[in-house]
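Both of the next two complexes hold chain A, though its partner changes from chain B to chain C.
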Partner chain A sequence: MGFISRGFRGKRRDTADSGRLPPGQYLVNDYPVLSAGPTPRPNLDTWTFSIEGEIDTPKKWTWQEFLALPAETVTKDIHCVTKWSKFDTTWKGVSFDTLFEGVETAAEYTTQFSDGDYTTNLPLEDLVDGKAWIVYEYNGEPLHPEHGGPARMLVPHLYFWKSAKWIRGVRLDKEQQPGFWETNGYNNYGDPWREQRYWGD
Partner chain B sequence: MILGASSVTGEISLNPHEVRAFGVTSRGPLLWTQAELVELVHETPRVASLLFNVPDWPGHLPGQHVDIRLTAEDGYQAERSYSIASPPEERSVALTVERLDDGEVSPYLVGELRVGDKLELRGPIGGHFVWRAGDDRPLLLVAGGSGVVPLMAMLRHRAAASHKTSARLLFSSRTFADIIYREELDRLAAASDGLTIFHTLTRDTPQGWTGFTRRIDAAMIQQVAWPKEQTPAVFVCGPTPFVEAAADLLVGVGYDPLWVKTERFGATGASGG
Partner chain C sequence: MNMRMADMTLDGNAIGGLLREIFTMEVTNAEATCAGCGAVNAVGRVEVYVHAPGTVVRCPACQQVLMRIVRGEGRYWLDLTGTRTLELVET
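Here is the complex of A and B:
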């Protein structure tokens, strides 16, 4: 500290909200988009979601089977590594606790994989106990392709790139395997409250 | 372990902070450093280039960005990311910033900051949206407005390289006066070294304008894009609706989505910063 930007005042935000904003983030009301390539538009007739890797019997759901799973509606704050945060976003989808029911594994890590060849890695413990969902509705509407529809991850306690769009499955890994952004300079874990944006943060 | 709705995961032992980068060179934390503004160039009425002297700058690749941090007297801070406009060959680090009237940081950078002032900066950041002059594939750059900034770093890098791959830039601006880097782009194209630049203006066109006069569409992409058989390297940058449209059109002419690297700013029809 100690450095002052001459002449900078900044736009003060509602101070009641300041405790909800992680360091270095700013609040937006719109919904920015970030992705590395063109938006995939998968065919729902052939869409599946699977759990594979370190698991005796891999699990797989079709789109219709997935929609039939018990769903939850959750309202969460989300934080993008590109600095925007958005409060009170409402999603509907399936908790990973539901998806993992009865699954036995020696894995401690996971890799999410998506259409468009996107991957991101997470410790398994960050997916369970009500911390992560596969969501297919945003604000009561089907999830728009730009924002990851038909279905995306929602892991709101980590930077939002960990919430993979266009999700197609989770691989259970014994070893941690950095995903797409994680091999491109971004942090392996991505806790916004510790500002873990980049390698070495 | 057994996972279920009520599983207890306390038995997992792991260190989530451990950074293990596979197949890439790992390096230490990106530290904040004080960068001094050494030159300010007004590019258009709303856009300025800021050249910084950054002590111990480690170098960068065209397409990478930096984070900047501003601190008010009472300790309030704001951080934003900006693409680097300068090529690796230059000593100073140039950012080109569009002033957003409702923004928090851009009106400070374009309006308040003066030569000799400092700000805190760290970088370079990003390993996906980058291009090296050694890449032999034909290069296709598609820019909307200030999305041209990281692509300009690529064109400047290409201009400095001894071997120049064929390159095309399709650049969409609102009006003639809004064309960022217009004169420099004219000079780069006039070098006749394999670079062709296509402009399109979406609002006003001056008399005698010979470029396109509409939003990008299938016919324009068809005319400008390299044939898919040439497997080009493609970079698209701009506001989200522009990038969505351009990337979809490129996939529509048969490009493999994996050839097309995108960088977007702002929401669906709005902007941040």
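Here is the complex of A and C:
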């Protein structure tokens, strides 16, 4: 009986967490793999991460330089536009606040670009103030290629297609430039709490 | 339908049903010309990724995107930028 009660309370706790689940989403415990193309496997000896576009002196880091930047470990809930959400995912990486240190720009928008020619667009203000990271570890392990390794974006307050896998850089844009999915039906902003999945949402 | 183990790739027959929702003519036996490399392939033979926010169709020769199809809330969005020509055959 005690065992059954404990299990029951466990389930109730999940229900109580429903305030963490955005509208239209369901909770998963596994980690589904989504991919719009072949999985890139870049050579880390030639890998770089760049900040370019509306910036006087573009910035660029090699893999070794990137790993030497101050890193943070964060635990976040993630929400995929295909309607699954996963709670308490733990990542290690570099915050955009660190990457943007000393950067002056007139840009208000950004485009993330990745190996495999994926792009996605975000307002610059959604990358700063502790809202976005470039991560290279998941649950204490190097990020697996199918989940975006060697490094991917983590922007957990927006739908997860905004968190580009296989990230190679950010372009600072004066005008908003819709990305891979945003040019074909998906929302330019993608707030899961307002269910901004498609154009016009 | 063949599942290629690497990268969860399907062939174009996997989206025969989706294409029939959009087109009145059969598209899986249509010939698509890649706008990138010029390769010509029957749509049933191209590479298809369905585990994504939409369906992504790629050229088997150069992997460039041929089509992107998104369906949601009663609407379809179809990007054919990467397909220079689609030759459909009357049946």
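General observations
The rule we apply is simple: the second predicted complex is superposed on the first by the 188 of 201 C-alpha atoms of A that agree within 3 Å, B and C clash if a C-alpha of one lies under 4 Å from a C-alpha of the other, contacts with A are read in each partner's own complex, and residues count from 1 in each chain.
The rule we apply is simple: a contact is a pair of C-beta atoms (placed from the backbone, for glycine too) under 8 Å apart; a residue touches a chain by one contact, two chains touch by 3 or more.
Keep in mind that this is a model prediction, so the values were computed, not measured.
With chain A as the common reference, the superposed partners chain B and chain C clash.
Touch criterion met: A:W181 reaches chain B and chain C at once. Touch criterion met: A:T105 reaches chain B, while chain C stays clear of it. Of the two partner chains placed by the overlay, chain B and chain C both lie in contact with A:G37. Of the two partner chains, chain C is the only one touched by A:W161; chain B is not. For chain A, the partner with contacts to more residues, out of chain B and chain C, is B. When both structures are laid over each other on chain A, chain C collides with chain B only at 149-157; the other stretches in 5-13, 95-103, 113-121 or 149-157 stay clear.
Taken together, the two complexes place residues 32-39, 82, 117, 180-181, 183-185, 197-199 of chain A in contact with chain B and also with chain C. Residues of chain A touching chain C in their complex: 32-39, 81-82, 117, 161, 180-181, 183-186, 197-199. Within the complex, the chain A residues that touch chain B are 1, 3-12, 23-26, 28, 30-40, 82-84, 95, 97-98, 100-106, 108-109, 116-117, 123-126, 128-129, 146, 176-178, 180-185, 187-189, 191, 196-201. In the complex of the two chains, the chain B residues touching chain A come out as 1-7, 9, 12-14, 16-24, 26-30, 34, 67, 69-73, 75-81, 104, 108, 112-113, 117-120, 125-129, 240, 244, 247-248, 250-251, 257-258, 260-262, 264-270, 272. Residues 6-9, 49, 51-54, 56, 58, 63, 65, 68, 70, 72-73, 75, 77-79 of chain C are the ones touching chain A in the complex.
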